[in-house]
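Chain lettering (A, B, C and D) follows the sequence in which the chains are written, and residue indices restart at 1 in each chain.
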Amino acid sequence: MNFKNEMILKFKAKSVNESFARSAVAAFLLPLDPTLEELNDIKTAVSEAVTNCIVHAYEKGEEDIELACSIDGDTVHITVSDTGVGISDIEKARQPFFTTKPEDERSGMGFTLMETFMDNLEVLPNQPLGVIVKMSKKIGNKGG
Amino acid sequence: MNFKNEMILKFKAKSVNESFARSAVAAFLLPLDPTLEELNDIKTAVSEAVTNCIVHAYEKGEEDIELACSIDGDTVHITVSDTGVGISDIEKARQPFFTTKPEDERSGMGFTLMETFMDNLEVLPNQPLGVIVKMSKKIGNKGG
Amino acid sequence: MQIETIVKRNVLIVYLIGELDEYSAEQARRKLDKRFEDANFECVIFDMSKLTFMDSTGIGLLIGRYKKLYKKNIRAYIQNPCLQVEKILRMSGLYEIMPRLSNSEVI
Amino acid sequence: MQIETIVKRNVLIVYLIGELDEYSAEQARRKLDKRFEDANFECVIFDMSKLTFMDSTGIGLLIGRYKKLYKKNIRAYIQNPCLQVEKILRMSGLYEIMPRLSNSEVI
């Protein structure tokens, strides 16, 4: 039997919501019975994607972040999207240590950590504006 | 300073998501620093509203439940809505022990508990179909 | 949720462990009714010390078990609910049919 | 998040407590820099035993502190990260500038 489930979360691009987004995704994934390490990998990736919307996407104001999460069997799909300024050179942005905000002590490791902690990462332009980050990870890899 | 925040959660009307909905709301409210009792009151009310959508709203299939939660200063507003069969006599439905599903061992205490655990409860028809439950509660009443 | 039972001096103690809501109720109902079939006890105590959450679905489940046990002339009691569960039990009037054992009565 | 510090034999031990992300980083940065002004210590150890979560914002913060301390000729070390934090520290290469103390070295 292929367990399926999905949810969409919309919230303001405020840093107070980072912890909320991580917790909500973790709670949603509990029926998959993930290991603590799998859960932490996913929480970290979610935190990176959500932080990017808050730090980079919106010049000012607190616009919306949309986080969609679906479970298809043993695979988790997560999409985080904003309608902000977008990324002009996505390939460059994905390189380790690349950041446009070194003065804010950004490390440039966000996309690298998402890539490492998830099985798959796609970064796409959102229409008409902003960025879509799509990530997925298989749970229970150890067993398989 | 008046802290404001809001989120919207959309998920499938499956009972596995009851625990998810409770946890997500609790995580969202943490910045208000609620007492454990306040948090549990709200989690219980959310559980009742979400359970009703799952048990009563949809004849079959797993349609969507929308849960909106906002914080305005020290007050929490929660709206749970479905697009299901609706309630013909809302006043009657709200009475303690009234249930249309006694054969499923429903207790008829759902609305009564929401009313008791929150400061305010409104039950309204959704347009064009379904039910909207609006509840609110002030956090930190003890201090005030 | 999980359910564990032991019999002590003709009393069946039922430990409800975890969260009792619509998601977990069906399985809990089935397990309890199966355990109650073999009535090698004279009364039942629901121990709720490890029940971390319950909503009105749990009230319906407890009333249902009360009715089934009552037919066999078996009384049921409750002990050790946490504050959240206690509030719901109290408000729904469940203690009128399933009294709560005070600590001194705890087995 | 909370920050606690103690000085032991010329070593400043900084306990990072809670979650370190973009939300908590600004305040943490301010507190640490204020504490580092009064340099009554010869090296700094960040104790992460009570840090329950960190993301790349934390990496940026640690690199920033490293640079400021380096100018004063003060070295920094890390001890006791949980697995989630350890993975991030390792992957980002942070240990190359702030070595992790093995348990035997722990003060």
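Throughout what follows, a residue touches a chain if its C-beta (ideal position, glycine included) is under 8 Å from a C-beta of that chain, and two chains touch if they have at least 3 such contacts.
Here the structure is a predicted model, which means the values were calculated and not measured.
**Student:** Quick one: how many steps at least from chain B to chain D, stepping chain to touching chain?
**Tutor:** The fewest steps needed to get from chain B to chain D is 2.
**Student:** Measuring from the mean C-alpha position of chain A to the mean C-alpha position of chain B, what distance in angstrom results?
**Tutor:** Chain centres of chain A and chain B, defined by C-alpha means, are spaced 28 Å apart.
**Student:** Determine the centre-to-centre distance between chain B and chain C, using the mean Cα coordinates as centres, and give it in whole Å.
**Tutor:** 25
**Student:** Using Cα averages as centroids, what's the distance between chain A and chain C in whole Å?
**Tutor:** 42
**Student:** Could you say which residues in chain A touch two or more other chains, in rising order?
**Tutor:** 16, 19 - these are the residues of chain A that touch more than one other chain.
**Student:** Going by the touch definition at the top, which pairs of chains touch each other?
**Tutor:** Pairwise, the chains that meet the contact rule are A-B, A-D, B-C.
**Student:** Please output the residues of chain C touching chain B within their complex, sorted ascending.
**Tutor:** Residue list for chain C touching chain B: 19, 21-23, 25, 29, 53, 55-57, 59-61, 63-64, 83-84, 87-88, 91-92.
**Student:** How about chain A: which of its residues touch chain B in the complex?
**Tutor:** Going by the criterion above, the answer is residues 5-12, 14, 16-17, 19-20, 23-24, 27-28, 30-31.
**Student:** Hey, which residues of chain B end up touching chain C in the complex?
**Tutor:** Residues of chain B touching chain C: 15-16, 18-19, 22, 36-37, 40-41, 43-44, 47-48, 51, 54-55, 104-107, 109-110, 112-113, 116-117.
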